[in-house]
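In what follows, subunit A forms one complex with subunit B and a second complex with subunit C.
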Partner chain A sequence: MAATKQKNLWYVRQARRKRRFTTLLTVFFILVQVLWVGVPIFMTVLWSLVDPNHPWSFPNILPEKLSWGQWMYVFKYTNILRALKTSYTLAPCAVLLSFLFSLPTAYVLGRKQIPGKKFFQTIVLLPIIMPGMVVALFLSRVFNAFGLAQNFFGLVLAHTLMGLPYMIRVLTTSFEAIPQDVIDAAENLGANTFVKIKDIFLPMVRPGLLAGMIFAFTTSIEEFNLTFIIGTPTFETIPTILYSFLGYNFIRTNASVVALIMMIPNIIMLFAVENFLKSDYLSASLGKL
Partner chain B sequence: MSRLILKDLVKKFDNVAAVNHVSLEVEEGEFVTLLGPSGCGKTTTLRTIAGFYQPDEGEIYFNDRLMNNIPPAKRNTSMCFQSYALFPHMNVWDNIAFGLKMRKISQPEQKKRVAQALEMMSLSGMEKRMPGQLSGGQQQRVALARAIVTQPDILLFDEPLSNLDAKLRVQVRVEIKEMQKRLGITSIYVTHDQDEALAISDRIVVMNQGQIEQVGDPQSIYLHPMTSFVAGFIGLANILSGQVVARKENQVQLELPFGRFWAFAGGLRASVGDTVRFSFRPENVVQYREGSPNKVSATIQHAIFMGDTIDLFLDAKGTRLRARAESAAKLKPGDIAVFSIDETAFQFLE
Partner chain C sequence: MKKLLVMMLAMCMLAGVAFAAGPSIDLKTASWDSIVAAAKAEGSVTFYAWYFPDYFKEAAADFEKQYGIKANVIIGDQTANFNKAIAEKDMQTGTIDTMIVGGQWVKTTTDLNLFYGPIRNILPDASKFSNNSWELQEGVLINGYLAPFHRNQTGILYDPDRVKDPPQTWAELVAWINAHPMEFGFCDPSKGGSGQSFVHTAIGALAGGLDKYKGDKELVQSKVANWDQVWKWFNDNKDKMTITVSNNDSIIRMNGGELAMTVAWDDNVKDMISKGNLFKRAKMYIPKMGLAGGGDTLGVLKNASHKAAALVWINFIQSREQQLKKFQMVGAYPARTDMTIEGTLLTEEDRKNNAIPWFPAPYKDFMIKEFVKNVLMK
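Let's turn to the complex of A and B:
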């Protein structure tokens, strides 16, 4: 009895060791996540709640007193409400416009054989790898020349430009992923171009479209450089107010408040869309092909 | 339902002719298979019939109507794809009803016809499922239902069974054949699988390098191949050449390295002294019995037991031959045995 138990033990031990290793890895990644994301958010929340009359300074580990004082200050002495309105009007407009621009571009890049296709695909991504301030500096000249500075439409256009690369990239991949057979089948069954776009292409690129929209939306919400150069002082967005608390008159507590105002809607949106994507057909159907 | 006529069809890609002067007539309700190795132009021919490719030369007629400039959407063909090509974002019902919607068929009529198609393909009860939730065989049946529900003039099949496992493949090909006979829709079927072609077709068109090698019903294609390509591609064949050394009435005597053999000449027009190419099937090379013609003695190199027969690889004075023996025969590699070749088995090739 004892002998059999001994003999059977080796794989039990191995399985246990394996499980222990997996647990260890999980714990490690949770720790990294906490350090990387959790701690900054926690600190931001704390900083935003520090009472203005009881500064949080060395050697206190936690603030002495918490209050909504900083929040009141930001809402009272800055144009945050107007900035919120501007930001959340700008972003949907920019998303819509970049959708309209990128759809035909992505269709051609994803489905047509054109000379220099790889080159164009790379060119489209260039704005992402160029430093934002550099792009903004030179583009602002163009915007000035066309009278698009200090102009809402100009701002929408600027934000559209910043979101376009993501949108085009993601949509191109989605268009590429559609099997030609499915398009041929639709045509074979009598679909004209309009029906093919409405009933086949658009529903099939929808997951990519949503991902691209999130990118474009968050890019617009966070866009500072170009907005700052061509928009202020006529237009203030959340980032321009945030930046006003950084730099020379650095006020961490107020900056924390604005940062949270900028971040929370984005996080909520991300979870909402993720949830929506999960219930999508594509993962189920493409797994079979 | 339509007659299909291809006249001298040519389709080139980058100046290479994928389909090279193909002419074919398919009768109303006929089931014709395009058979050939990959790259032989069979799929290109099919896609040209569907309208996905424009022919560079030649004409396509459905009945008397020239189809060359008619877009795929207006040809009233239905294609079954190798990948099934179901719309992944539509449920089974919407997939099947798609073609009817495109044809602006009334709602009640749509309902009736989709329900009929579902029933015919034994898919009832699965209307609301998404394609991703179906097995390969079920997806295939949805694709078939989607194809027939529009009552097409011509059904086009592009290797529809190659994604199924062997057992299901045999079952579905019987179903396809039955369905086609019941509906009487002219069908063009593309495959590289000779068993499938033999089993399913009214007529087989064997293609090679963009051209038609031979057209005929399954029996004549198998029993009377006309080119060495057809003889070698469909079934197993011993393909040899030899000199005609004698001729009497409707028989010729052939000189081969391992003996002289009498063969029925058929339509052979060669005279004594000519070299001819011919083939015969392994099942026509059987163990010698008293009175059998055309004796060959050969060394057995391999004997592979197949259950119903024994597959033999022979060496007859340096010439390799394939033969068959009954499964009860006692034959081992290394044995020297005597075989006979049926006189009617010789098929003279071009």
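Let's turn to the complex of A and C:
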């Protein structure tokens, strides 16, 4: 009797310890999120609302007066509306094209044994390893030669190029993770190539595909160098305006406004995709949901 | 079919040549009225800048109202603007017609032969600007290729609540730095002109004055032999000063309380105050030890497709009305010498007595490289 009581007590203590550990981890996670994400966003919001006639200066902890003055300035004196339109038309097109280009590449790299596979997996990452302006300067020659500068299709192609490495890398990993048993089972049951693509490959790579899409989308939204070199003056995107306040001529208040304009739709999209990701086909197929 | 293709190709080439050739008149000999007429026929001008979006947007609207020519203003980043212009240098027709040329890009762009000109003899108001500003910018001979459009001056910016008796001489500044470690800042000279100006003054104070470099077209090694002692001073005092990453960064750090005194450009300071990025109590002066001034210029790209419109735009920006408007909106001091301005951050007396010219470009280039090598990388 006493031994059973002792054992129960031990279980209770263990459970408590686990709960405490989970609480500690949760608090740590929240703290990191607040410091890492919350504080910068809060500061950005505050700086974007600093009244132009009441600077936020030392030793004031908070701005003296808040107003929409900085927002009005950005909307009045920059081409932000034109840039917003271009950015959010360009990004979905670049994501779609990245998907179409990367699907066959990722399939081969993920499922087939080809000579030099590791080499090709590294090569596709080159556009993100090299400095953006270097890529832009070299590519601008090619784009100019083929008449792709100053036109929308050229810009889509340029953004696709910058998003492709992420898309290929994530999709390759997703293709690699599909268990061969599932494919074999489908084949034994008479599934043809189309059925395999529709019912096995696409659903199972969907989480990876969505992650790749997020990367490709945000890369496109944030791309500056190529857009500036081959797109302006015909096209301006949000980063081309952001850099005018963030680069050499750093003006924190205006930069904060443009950064928020760029950030808000991205955050909304991230939450939407996160919701969509909840149905994890790969786990479901393995009975782990 | 083949014939049709050949004809189409020939037509395209002819159109290309005609387009690239720009206006049919010779701009260097044509009357100003015919240049304006050619500009109106071109219909638009594309202008690249990296600051004052408010002023340039309003100027573009005024320009369109006055001439019926659309001014497409692109506010980019300084380095990106020049990278783009250089990337398009060998194209028959570029996408930029005219652009601001910042001090640190004068030498590179002049060496690359990027601009059309000389434009000094074309612009009707050229005589209203100092001879020197048409000939020499940042110690580089520009021979009338670049048009002055505002003057700016570096000075010492300080917080009067923390600096009661701002230093005037080098010895006073050194004493102040020793008494207030890390509260004085200047920008990395490879990142901004205000830092270059401070190092330039330091060379004058520590290496036997600046007069000996005057008129040199090439760097004379014997004249820079004693610059080692300048780098030694910077290394010995590096822990007592703050080196910032840009002109604006120095101002931002002062606003945040990190710095009490810094070297800055007067127009930058005015702009930052008007946008709520610097406290209004800030004061600025040119110390007796001297600090250099300069000014940005405008250039017409050699492969611009709207050269006449670009010239009319430059003339418009140089006009009395626009020079005044620019000063009123963003505090940029006019480059014209035929107008007096009130309400400046720096006094006329300071400008007259304490503003000093840069030493020639080869020394400035050398100074930046040597500072990075001997101070920043040590």
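As a convention for this text, the second predicted complex is superposed on the first by the 242 of 289 C-alpha atoms of A that agree within 3 Å, B and C clash if a C-alpha of one lies under 4 Å from a C-alpha of the other, contacts with A are read in each partner's own complex, and residues count from 1 in each chain.
Keep in mind that, in the parts below, contacts are C-beta pairs under 8 Å (C-beta built on N, C-alpha and C of every residue); 3 or more make two chains touch, one makes a residue touch a chain.
Keep in mind that what you see is a predicted model, and the values were worked out from it rather than measured.
When the two complexes are overlaid on their common chain A, residue A:I200 makes contact with subunit B while staying clear of subunit C.
In the overlay built on the shared chain, the residue A:H54 is in contact with subunit C alone; subunit B does not reach it. In the superposed pair of complexes, A:A272 makes contact with neither subunit B nor subunit C.
Of the two partner chains, neither subunit B nor subunit C is touched by A:V142.
In the superposition on chain A, A:P179 makes contact with subunit B only, not with subunit C.
Within the superposed three-chain model, A:E187 lies in touch with subunit B and out of touch with subunit C [touch as defined at top]. Legend: residue contacts after superposition of the two complexes on their common chain; A:I229 is shown touching subunit C, with no touch to subunit B.
In the superposition on chain A, A:I264 makes contact with neither subunit B nor subunit C. Taking subunit A as the reference chain, the count of touched residues is higher for C when subunit B and subunit C are set side by side. Contacts of A:I123 after superposition: neither subunit B nor subunit C is touched.
Common to the subunit B-facing and subunit C-facing surfaces of subunit A is no residue whatsoever. Those residues of subunit C whose C-beta lies close enough to touch subunit A in the complex are 46, 48, 50-51, 53-54, 57, 72, 74-80, 83-84, 87-88, 91, 95-96, 192, 246-249, 252, 255-258, 271-280. Subunit A makes touch with subunit C in their complex at residues 50-59, 69-70, 73, 76-78, 133, 136-137, 140-141, 144, 149-150, 224-225, 228-229, 232-234, 236, 240-241, 243-244, 246-254. Those residues of subunit B that touch subunit A in the complex are listed here as 50, 52, 71-74, 77-79, 81-83, 85-89, 98-99, 102-103, 130-134, 136, 139, 146, 150. Every residue of subunit A that touches subunit B in the complex is listed here, in rising order: 179, 181-182, 184-192, 195, 199-200, 203-204, 206, 281-282, 284-289.
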